[in-house]
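So, here's a batch of structures to check.
One chain, chain A, links the two complexes that follow: it is found with chain B in the first and with chain C in the second.
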Partner chain A sequence: MAHGHKIELKQEFFSGNKKATKFSLILIVLGLLLTIIGIATAPKTHPSNEGASSEEHHHVAADNNTPRLNYYGDHQVNHPLPPPIPEDAGAHKPWYSRVYANILTNSYFFVLVSCLALFFWALQYIANAGWTTVFKRVIESVVAFLPIASIILILILIIGKSDLYHWAHYEHEALKPGEPGYDKILSGKSWFLNSSFFIGGIIIIPLVWFLIGKKLSSLSVREDAEGGLTPFKKSIRWSAAFTVFFIFSISVLSWLVIMSVDAHWYSTIFSVYNFATGFVAALCAITLIVLYLKSIGHLNLVTDEHIHDLGKFIFAFSIFWGYIWISQFLLIWYAHIPEEVYYYQVRLMDQWKPYFYINIVINFVIPFFVLMTRDAKRNPKLLGWIAVILLFGHWIDVYLMVMPGTIGSLAQFGMLEIGMLLLFTGTFIYLTLLSLTKRALVPINHPYLEESAHHDVGV
Partner chain B sequence: MSHNITTIRPRLVTKDKSLADVSNEICRPIENKPSTTWKIGFTLAVIFFGLLAFTLALTTLVGIGTWGLNKSVQWGWDITNFVWWIGIGHAGTLISAILLLFRQKWRMSINRSAEAMTIFAVLCAALFPLFHMGRVWVGAYWVFPLPNAFGSLWVNFNSPLLWDVFAVSTYFSVSLVFWYLGLIPDIATIRDRATTKGRKFWYNFFSMGWTGSTRTWNRYEVVSLILAGISTPLVLSVHTIVSFDFATSVVPGWHTTIFPPYFVAGAIFSGFGMVCTLLIIARKVLNYEDYITIGHLEAMAKVLMLTGTLVGLAYITEFFVAAYSGVEYEQYAFLNRATGPYWWAYWSMMTCNLVAPQFFWMKWARTTPWFIFFLSIVVNVGMWFERFVIIVTSLHREYLPSGWALYSPTWVEIGIYLGTFGMFFTFFFLFAKFLPVINMAEIKTILKDSE
Partner chain C sequence: MNDKKLSLRNNKKVLFGIFEDGDSALEATQTVFNRGVNIIDCYSPYPIHGMEKAMGLKRSRLPIGAFVCAMTGLSLAIILQAGIMYFDWPMIIGGKPYAGIPSWIPVMFELSILCTAFGIAILFFARSGMIHGKIANEIIDPRQTSDRIVLAMSLDEAGINTDELVKLLSDKGAVEIRQRVNLDNNEFEDNVIK
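Moving on to the complex of A and B:
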């Protein structure tokens, strides 16, 4: 029990760590190399059509003499329902759409991690929570990747949208009823799924998050410099504003960017699911950085109690993720409506089957059983490994949401995928550590600092 | 517990209360003759309880034909009321278990009455499906997987309605045990203070030999922690499974994947609504304003604002996805909700649940008891309309227009609903008379604490 005695609230600075910087740079270089090799060695012809080049395919698809296949390979015009087994989404995509799909997976995943770290930050203010104060700077540092990840996301969506999204590919052709290839469902969605709304949304939403994040960050700096309760009180107001905007905007972003990958499909819980995935990942990232800084002798005010509580959060929200996962899966499986069930049908077959099970095992089964005991949550090594595994698991989750609907059989898990993941992870680590050096590690004038330093739950 | 709490946090119990003050003030209603207010309220409640008995007897003797249900709208006020009461029954366990996990100490002065409310609300809720089954004398065991020798059919394990039977009954038993366990130290306190023979005997009987020794406290805390651990998944499972009753179907407006978390958020919302309604009166009548402070009301108002907005987010998501889905039945179901013959129910729901809680953005609204009371009534009304909208407007216009019908309740259905209020308040008044409304043992630990 740590209470009862006085704890000296000392300021700390993180001036960078050579080993960590080297590690992140190695990841970047290795990732870059693997990505380049992956691109160079990627099959440039389509696996299902050996011999014919993808360029030709593209032309064939645009050729007026050949009736164009719609998403489901369905020649029938005005067919309202998808057939039971949808056709491979990657059948007519050029080889480089695999590169685009990988950039989309990674940038979206890291946008989720950083924007949910920002959400966690705001949550501490609106919930009047004190215990996180000692590692508040770590939460702030995870948000540092938000602008870069967002810009990559925006760029890839603008450049690759017609190669990634079925709806965007046919959008410019303005098909009318009666024409071959006309898709009644997609045409009915064009009020939402159209390029102007799409690009507007993916630019404006992360921009607003970034601006509010910047405001919160500047208040944090001001608090360090001036003290007093003004920055704290202002932070509460900005956090409340952010949270309200965030819960609505992350829904829209998840519909625009990810749900529209399977443009015929819909699920009302989808935005909550994306939130859950991102929140667990953000908690894991925060925990890892806290554990790392502690292991090199920083964050002396962080005790086992804080680590324990972070463990509880990861445990609880892994269960929450599992709850949302089963809600979506069970209801769609049970009702067995063709429009909905094909989403899981694809993911339960062929090449996607292992990912489907890996997803649920890593993201629910492992944390549920491993983190159940008190000792596990207070064991930095174990908790750290679980956080790493979970970050990978939620990356797989995003991968499984993106790949089948964008590039289908074109997708692989090779050097390109591993390389791109390493590249993004390396950049994330590098930027996070860099942002940690830019300000003091202890929010010395935060009104809850003392309370947080004495944090002790007693159990 | 953290011994170093920031001074800017408000105190949990205002005025400097001593341990004796707590016992004296909280035991006062139990150790004195009932007040006139109590007598009037109790009589009124019993009259409505009588109405419940009468209307249920009529339903049993004559049959479900006394209700306004028809072939299209087979679920009407009955299931609306069932879901409404079940939703209210969420706050108690939520406050004792989930707020415990989040270490919200302000829960301590409201958890006892919220748990009592939970138990009474679940009892009210259970009446509706039970009597809707028709022959209630067999319905009582039809729902359980008993051998065919009992003369009934084997239950359908694939049906979420059956899961509901298990979820609600488990939830009820665990909540009851949890509530009773928490009462034991307080019952023992009353026993020790008892001046009459009767009180001494009964409180001694129900205190189960509580001695207050370290050993008993130790066991008490272990069991509390285990029960809190069990209750947390239970409280989430109940409304999740209630939502499955609808969402596993293929009825437009019912089959939507967001239902489980959305129902849980709605249940927390309506549960807190009812807690505010009850406690704002109780703190005034029983003079507990130092225990259930403005700070408590403000925290509850914030929870109402948060969950109201979450429920609103779910409404908007549903509406959006219906439009986006491209399924015309889905689109029509939602259009029909907003503009069809039951448009007033839809817009009442929207106004009460999404718009009204937004007033709590103002500090004044969060700290003015009469205004919170008013809004808590609005929330109760809005959540009733939500269930009505989901159930009736989805059923009354089905896939085939030949099956379209309207529904309005008969006086029997209205009588049963009003009657459940009678039952609820009869139990609540008895609880307030014979048991401590605030957990004395817990509140004594936080007299000097801040939030």
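Moving on to the complex of A and C:
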């Protein structure tokens, strides 16, 4: 019975856990090892040059001037022929672009996780929600990974831009209409898809997120030290400003970083899709850390009620993800406009087909049916496993968004991919737990702590 | 919970405790429930946080009904679309196969929701006996819809003495206590105790 009796609001400290630190370090070392082995054993010659059989699939000729398969229907008659969309993005890419694409996948995934944790945090302020207060530090600790993930993302995009994006090559050609190789679509997008906009965007957007996140956490530190309502009220204002900026900027970031991978293609719902992917992943990360801290005897104020509501959030946003997924897929599949349907055509063929189906099954079907009952959401073990599976599923989602367009046939799911994922996960766990040790676990001066401790979802 | 407990009619002797605020009503409910008194219902103008637990209400089985309704809607949508688009009159739309499953999803989704919404609304009203035209005899105090909370307890199998129960309720802040005796000819007698 939560209501009606007094709950003692005791301060707690997390001084690190040897087992968890060991686990994360093992992940890092193992990840590093696998990455190095993966890089060393990666085929250095291009797969399409090895056997003649795979050539038949690829309509891309080395020469830009030869007429090729026309994807644009009767555009050919009225307009200068645009170059075909390369079916294999990796046809002429060096072998190390696979490494770049992997770093891009992982860093973007963890940027999504941490920036959407920041969004979740800001959401609590602007919605005047109290129930998350007892595990507020966990949200803050996930946000603490944002600068590291962003720096890796920015570096890999600057270094690997020309190896990852085909618009980056086109940019330098400065072709006029009528010239061979002129691309109407890329020319039209060039005001947006150009190096200065790209580099500017990927630096400024995470920087602003980081600065607002820093402001929010300094207000949180002030609240711990001084108490009173001033930091809380200021946090509400900063959160409101952040949310407005965030929803625009995450769209721009997802267009710049991920949608421009398939530069001829666009989808208006793409940024919402990325938001959904990131939000579920962020909620899963938060839930896992809460469950972990609870299992080693911390966060005593967190009860089944909080776990239940986190489960509801994961359940609801998995459905939201599925809804957005089908919204994007259905329209493109039904309309069957060549330059749109290309995106799914590639992903429904050859090596990408299994990922395509794994993506839907893991991210929608499993959470929908498993987390449907109340008992499942209140079962820490089950919820924890679902969170792990979902984190992997949304990583696969990002992997599927990045790989076919960047490196195409060069991509393999081998030691490099597993190693890189383990490396990033290990670093994430290590740094998140480290940031949890730096401050007290209970935000003792937060005005909604009492309310949060008494949180009750009813029968 | 069984029907006997749900209805005021089916209990011979009923005791009402009328309260002015939710907190004292909740506290009284908890105490009375812990003493083993059968609580028939609690009539309140607004939801009282934690009251379900205090009254010892079991979880509603409505979600199971909702799931069954949703699956019914889903199957209906599949049968409907497969019947029309695949078996009865195969049509090619937009060059898609006859069984273009992705294009069926919106209808599957909508029919599931429609059946669930109507289904659980009907189930809810049927299960709680709220049938249109039925005269409610649950108005104990006219103010129970504005600012009073009425707690109804059965005295038939109460493991507690009535006097003791009355004292307990007034200790917990009941402003009025009434006893009702249900007579055979569908009528009743109310006696104000306090």
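Here, the second predicted complex is superposed on the first by the 418 of 459 C-alpha atoms of A that agree within 3 Å, B and C clash if a C-alpha of one lies under 4 Å from a C-alpha of the other, contacts with A are read in each partner's own complex, and residues count from 1 in each chain.
Assume contacts are C-beta pairs under 8 Å (C-beta built on N, C-alpha and C of every residue); 3 or more make two chains touch, one makes a residue touch a chain.
The structure presented is a predicted model; accordingly, all values stated were derived computationally and were not measured.
**Q** After the overlay on chain A, what do you see for chain B versus chain C, clash or fit?
**A** They clash.
**Q** When the two structures are overlaid on chain A, which partner does A:Y334 contact: first (chain B), second (chain C), both, or neither?
**A** After superposition on chain A, A:Y334 lies in contact with both partners, chain B and chain C.
**Q** So, does A:H92 touch the first partner chain B, the second partner chain C, both, or neither?
**A** Touch status of A:H92: no partner.
**Q** With both complexes superposed on chain A, which partner does A:M372 reach: first (chain B), second (chain C), both or neither?
**A** It touches chain C, and chain B stays clear.
**Q** Is it chain B or chain C that touches the larger share of residues in chain A?
**A** Result: the larger residue contact count on chain A belongs to B.
**Q** Let me test your reading of the model: by the given contact rule, A:H394 touches which partner, first (chain B), second (chain C), both or neither?
**A** neither
**Q** Does chain B (first) or chain C (second) touch A:Y266, or do both, or does neither?
**A** In the superposition, A:Y266 contacts chain B only.
**Q** Considering only touches as defined above, state whether A:N128 meets chain B (first), chain C (second), both or neither.
**A** It touches chain B, and chain C stays clear.
**Q** Pick one for A:R347: touches chain B only (first), chain C only (second), both, or neither.
**A** In the superposition, A:R347 touches no partner, neither chain B nor chain C.
**Q** Does the superposition put A:H308 against chain B (first), chain C (second), both, or neither?
**A** In the superposition, A:H308 touches no partner, neither chain B nor chain C.
**Q** Between chain B and chain C, whom does A:K161 touch in the aligned arrangement: first, second, both, or neither?
**A** neither
**Q** Taking the options 56-64, 92-100 or 200-208, which segment of chain B carries the C-alpha atoms that clash with chain C in the overlay?
**A** Answer for the clashing stretch of chain B: 200-208.
**Q** Which residues would you name on chain A as touching chain B in one complex and chain C in the other?
**A** Touching chain B in the first complex and chain C in the second, residues 3-4, 330, 334-335, 456, 458-459 of chain A appear in both lists.
**Q** Touching residues of chain A toward chain C in the complex: what are they?
**A** That would be residues 1-4, 326, 329-330, 333-336, 372-374, 456, 458-459 of chain A.
**Q** Please output the residues of chain A touching chain B within their complex, sorted ascending.
**A** 3-4, 128, 130, 184-185, 188-189, 192, 229, 244, 247-248, 251, 255, 264, 266-272, 312, 316, 323-324, 327-328, 330-332, 334-335, 337, 339, 447-448, 450-451, 453-459
**Q** Over in the complex, which chain B residues touch chain A? Could you list them?
**A** 1-6, 8-9, 101, 103, 225, 236, 240, 244, 247-250, 255-261, 309-310, 313-314, 316-318, 320-321, 323-327, 451
**Q** Using the touch definition up top, name the residues of chain C that touch chain A in the complex.
**A** 23, 26-27, 30, 49-50, 52-54, 57-60, 63, 67, 94-96, 102-103, 105-106
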